[in-house]
Amino acid sequence: MSESIDYWSLLYVFVLAAFIGLGVIRRVSRLLHTPLMSITNAISGIAVIGSIIVTGGDYPTGIRIMGAIALFASMTNIVSGFLITDRMLKMFKTDRQPKQDKRS
Amino acid sequence: MSESIDYWSLLYVFVLAAFIGLGVIRRVSRLLHTPLMSITNAISGIAVIGSIIVTGGDYPTGIRIMGAIALFASMTNIVSGFLITDRMLKMFKTDRQPKQDKRS
Amino acid sequence: MNAVVQLSYLIATVLFIFALHWMNTPMTARKGVYAGVAAMVIAIGATWAQPEVVHHGWIIVAIIAGFVVGVPLSMVPLTAVPQRTALSHAFGGLAAGLVGTAKYYLWYSEGPGELTTFRMVAIIVEIILGYLTFTGSLLAAGKLQEVKWIPQRPVTYPLQNLTNLGLLAIAVVVGVALTVNPTAAWAPALFPVVILLALAFGVLLIIPIGGADMPTVIAILNSYAGLSAVAMGFVLDNKLLITAGALDGASGLILAIIMCKAMNRSFLNVLFGAFGQAQQAKTGGDQKIYKEETIEGGAQVLEQANLVVIIPGYGMAVAQAQHKVRELYDQLKRRGVTVKFAIHPVAGRMPGHMNVLLAEADIPYTDLVEMDEINPDMPQCDVALVVGANDVVNPSARSEKTSPIYGMPIIDADRAKTVFAIKRSKNPGFAGIDNELYFSERTWMLFGDAKNVVGELVKQLSGSGMH
Amino acid sequence: MNAVVQLSYLIATVLFIFALHWMNTPMTARKGVYAGVAAMVIAIGATWAQPEVVHHGWIIVAIIAGFVVGVPLSMVPLTAVPQRTALSHAFGGLAAGLVGTAKYYLWYSEGPGELTTFRMVAIIVEIILGYLTFTGSLLAAGKLQEVKWIPQRPVTYPLQNLTNLGLLAIAVVVGVALTVNPTAAWAPALFPVVILLALAFGVLLIIPIGGADMPTVIAILNSYAGLSAVAMGFVLDNKLLITAGALDGASGLILAIIMCKAMNRSFLNVLFGAFGQAQQAKTGGDQKIYKEETIEGGAQVLEQANLVVIIPGYGMAVAQAQHKVRELYDQLKRRGVTVKFAIHPVAGRMPGHMNVLLAEADIPYTDLVEMDEINPDMPQCDVALVVGANDVVNPSARSEKTSPIYGMPIIDADRAKTVFAIKRSKNPGFAGIDNELYFSERTWMLFGDAKNVVGELVKQLSGSGMH
């Protein structure tokens, strides 16, 4: 019972999050679609929290190895994703008239 | 434990729903702010689902009376809210050039 | 709750979100209503079908009663919409309060274990918000309806805000006491105290607020009602209640913010500023001279114009002049005059007030232009026809730092080549201040009730125009 | 999970939402990055602090390794961004797949009770999506990187789609079998079968797709990666994973939709159309004559113009000509010529490709105009300078029903008074079709590598202009 309820909350959270995702992404400036791709890469690195548990738990080595690889892969996404996004965003200049951006 | 988890999901749902609410409402056409007020009245009638349980449950009469009053109040909101919203919306005409709406 | 119920609630949630999403344009708005109705039906059905619901008689009776009262309530004239809205918040608050109360006593007697701290907090929040919304909204509705024995002007007394906050503080303290030991023998006796304090606080919160500030207050009460539904959701562990309540609360909050922004006022100022008083204070200072214009003259200037911008205000609503305005609009269009309506976000007494009225009069919403869109064109405008608007066209909002409406964005009627202003008297508007616009050399007054004056203009034009 | 962890996850969720919200304008975008980093740090810290995490060595090693690989990966040239993105999807998919696998075997041996049906479904979905994203994205990255031993052109064979779907079907069937009895003796042996099938499916899904369609496919793989994270969230009962995954998935989906719309193609057509083939097929039909223009002539016309619209395309990216283009922009501006850039949504090979390149060259983004905004002004445009763009300015998209790009919205270069087109040869662009624009009587070609040609133009102008 409590379990089924729990799954329902997860489903609820998913549906609501999907709505937010669609709403927010649809309003991302077209200028920034490339940085958007890379920042979502970084965010997808959130799998890291699953990997940490598996790697650091008191489990058989085989399991923990899988975890460690997953952890490495996620960290790579996080690090490279955020760094390259910031690197790209640094490039966008207004010519010091920030008010004039038509596309935001 | 399971209980605390459960409360956290409720909190999660609330936060996500608040984001959706702010996102959606901010984009409601200014033309329709009056109908918006009345449709949210109707939606607030959702308290009806709490009232039904209290009214229809096998509880002491005092409790059930409170429930019945709450149920009546909520139903009133639902009925009048949706009806008046629809009545107002029926009035909005485009002059048969729906493409020209500037504000939507 | 079984899977079917859970699923129905999830579907209802999604439908509610779409209902509000579709309000983003008049073209899809009605679809939104249907989505909302569908969601509500599903939610009610799923709940009613639950096993713990064993008695159906009262439910049916209450639902029927809801229809009996709700249907007529939905037929009120548009001018009464603000008080209807307030009334509905009162009902919403009452429902939340009652369910919270019922649940508390139920659990106290039948399942004290259920009264966890988290739940008690939720219950206290629910009832405080619920009951204060109840009395507060009732009073607000009364003021808007101008019920005789309810004072229109703000009622103030020394240390008012202090008293109110003190009262709230007590309620909170008692609430905490209950939360800490909800199952104590004295708890059921103390519970009603919180209720009474909340009811009282609702009244005291509203009496110092002037009738004209009510729309903003109503929006704030709207978000309280929403939040009390959220609290109910936490109490009953029901996510549908939480989502719907959050949507509701968000709407109230955003409308309140829009109004405050457009009036350049802060929440606090609205809630504790006892603003309406200014009205009494400043009224009736008019040494300057008004230039009047005759109907004939006005009609002539109008028909010679290329671009006429009509600026409606609260006065059009009071006079119910929108249908006459539509006739004027037709007459001018027939003569090839371009006619636009300039809509200020807080023209009238509720958000979107002018839009509904003009829509009621069958004016295509494509000719209703928002302030920010029309202002750049005002210098090209030959005639700005101000129909019962005042504050929203008051230039002192731009210049006079001292003015109560200083900083409020306005419609630039004063930049038009000619201005005709229709109002009954020399009295100020809601903000209670004189309006420089009426004394500008480009402005001519057309004194009288908006409906009559516009009607006269139409007669003139149709008289002259029908050859 | 204790309250602190729960709270941290909630905060991280909110920060992720803001991170993406702030991407809605370049002015706040960097704030978004910081929000994202903060969220990630909080999430990692909260997780690591949990009691069940007892071994720290490997975690530290893995994190360090992540930095060692991640930092260089973030320094790739902008032209390599698409393959970097694909690679990162591969990593994401791998992580999801591995965690799902690990969890299954863990529960099988230590807590069979945990393997509820719901959870098994989630695990199966997670590993299928995860592993197919892994191989699929690797292959996509390879194709984009033009790794020699990976075939660029679509590899097709009879009954291809049937085989693929068949394979997927088998994987699903096995998955169902596992879901029904996850703790059977044979289950652990069958589990790897699903993995292998998923890995194989990923490869087969991509090989029939032409290199140029990869951007769209990458976006689709992006949403798969997101969904596998969501599935992981269901497996681990973790709401943060679910929300972040959903945001990720939504982004991939929307970008894919935008690209498909802008190319007037359907998802299915991209996935199963083996589109790139057309390229080979149609290439190299040019009987019509091109009119060429000299650098001198071109430079002259440019400096006499009032409004010059530069239309960059994939060719500018290939030639890395953006910096030279910036110099040209400066030269013309110095002469009082108005210069705008017309950006087509799918110019280049990834969404927003042109914007980043031009931003890299310090061109203010306020001069980058979207297709829909610039097209109305094209008739007033004196010179449209097409720099390595082709399909996005191909008028046949408007008229020729038979054309593969029929219906794709284009930039109306052909409506400009004069058109200069820079490209190296007479070869067609990505869609593999001739471009009427090049044969119009208003068009003059400037053959050569974009960087050189633009460089020459700049030399001319600076030579003549510096007096």
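When the chains are written out, they are named A, B, C and D in that same order, and each has its own residue count from 1.
By our rule, contacts are C-beta pairs under 8 Å (C-beta built on N, C-alpha and C of every residue); 3 or more make two chains touch, one makes a residue touch a chain.
Because the structure is a prediction, the values reported are computed rather than measured.
Novice: Quick one: point me to the chain whose Cα centre is farthest from that of chain A.
Specialist: With centres defined by C-alpha atoms, farthest from chain A sits C.
Novice: More contacting C-beta pairs: B-C or A-C?
Specialist: Counting C-beta pairs in contact for A-C and B-C gives the edge to B-C.
Novice: For chain A versus chain C, what separation do you get between their C-alpha means, in angstrom?
Specialist: That gives a centre separation of 40 Å.
Novice: If you average the CA atoms of chain C and of chain D, how many Å lie between those two points?
Specialist: Result: the chain centres lie 46 Å from each other.
Novice: Quick check: how many Å separate the C-alpha centres of chain A and chain D?
Specialist: So the centroids are 16 Å from each other.
Novice: Among the residues of chain D, which ones contact at least 2 other chains?
Specialist: 17, 237, 239, 243, in rising order.
Novice: Can you pull out the residues of chain A that are in contact with at least two other chains?
Specialist: 5-6, 9-10, 12-13, 16-17, 19-20, 24
Novice: Can you list the chain A residues touching chain B in their complex?
Specialist: Listed in rising order, the residues are 2, 5-6, 9-10, 12-13, 16-17, 19-20, 23-24.
Novice: Chain A touches which residues of chain D in the complex?
Specialist: Touch residues, chain D against chain A: 16-17, 19-21, 23-27, 29-30, 32-33, 36-37, 40, 43-44, 47-48, 50, 52-56, 58-59, 61-63, 65-67, 69-71, 73-76, 78, 81, 84-85, 88-89, 91-92, 94-96, 98-99, 101-103, 105-106, 109, 116, 118, 219, 222, 225-226, 229-230, 232-234, 236-255, 258, 343, 345, 350-353, 355-356, 359-360, 362, 364-370, 373.
Novice: Mind listing the chain A positions that touch chain C in their complex?
Specialist: 4-5, 8-9, 11-12, 15-16, 19
Novice: With touch defined as at the start, can you tell me which chain B residues reach chain C in the complex?
Specialist: Residues 3, 6-7, 9-10, 13-14, 17-18, 20-22, 24-60, 62-64, 66-95, 97-98, 100-104.
Novice: Could you please specify the touching residues of chain C with respect to chain A in the complex?
Specialist: Answer in residue numbers: 1, 3, 6, 10, 13-14, 17, 237, 239, 243.
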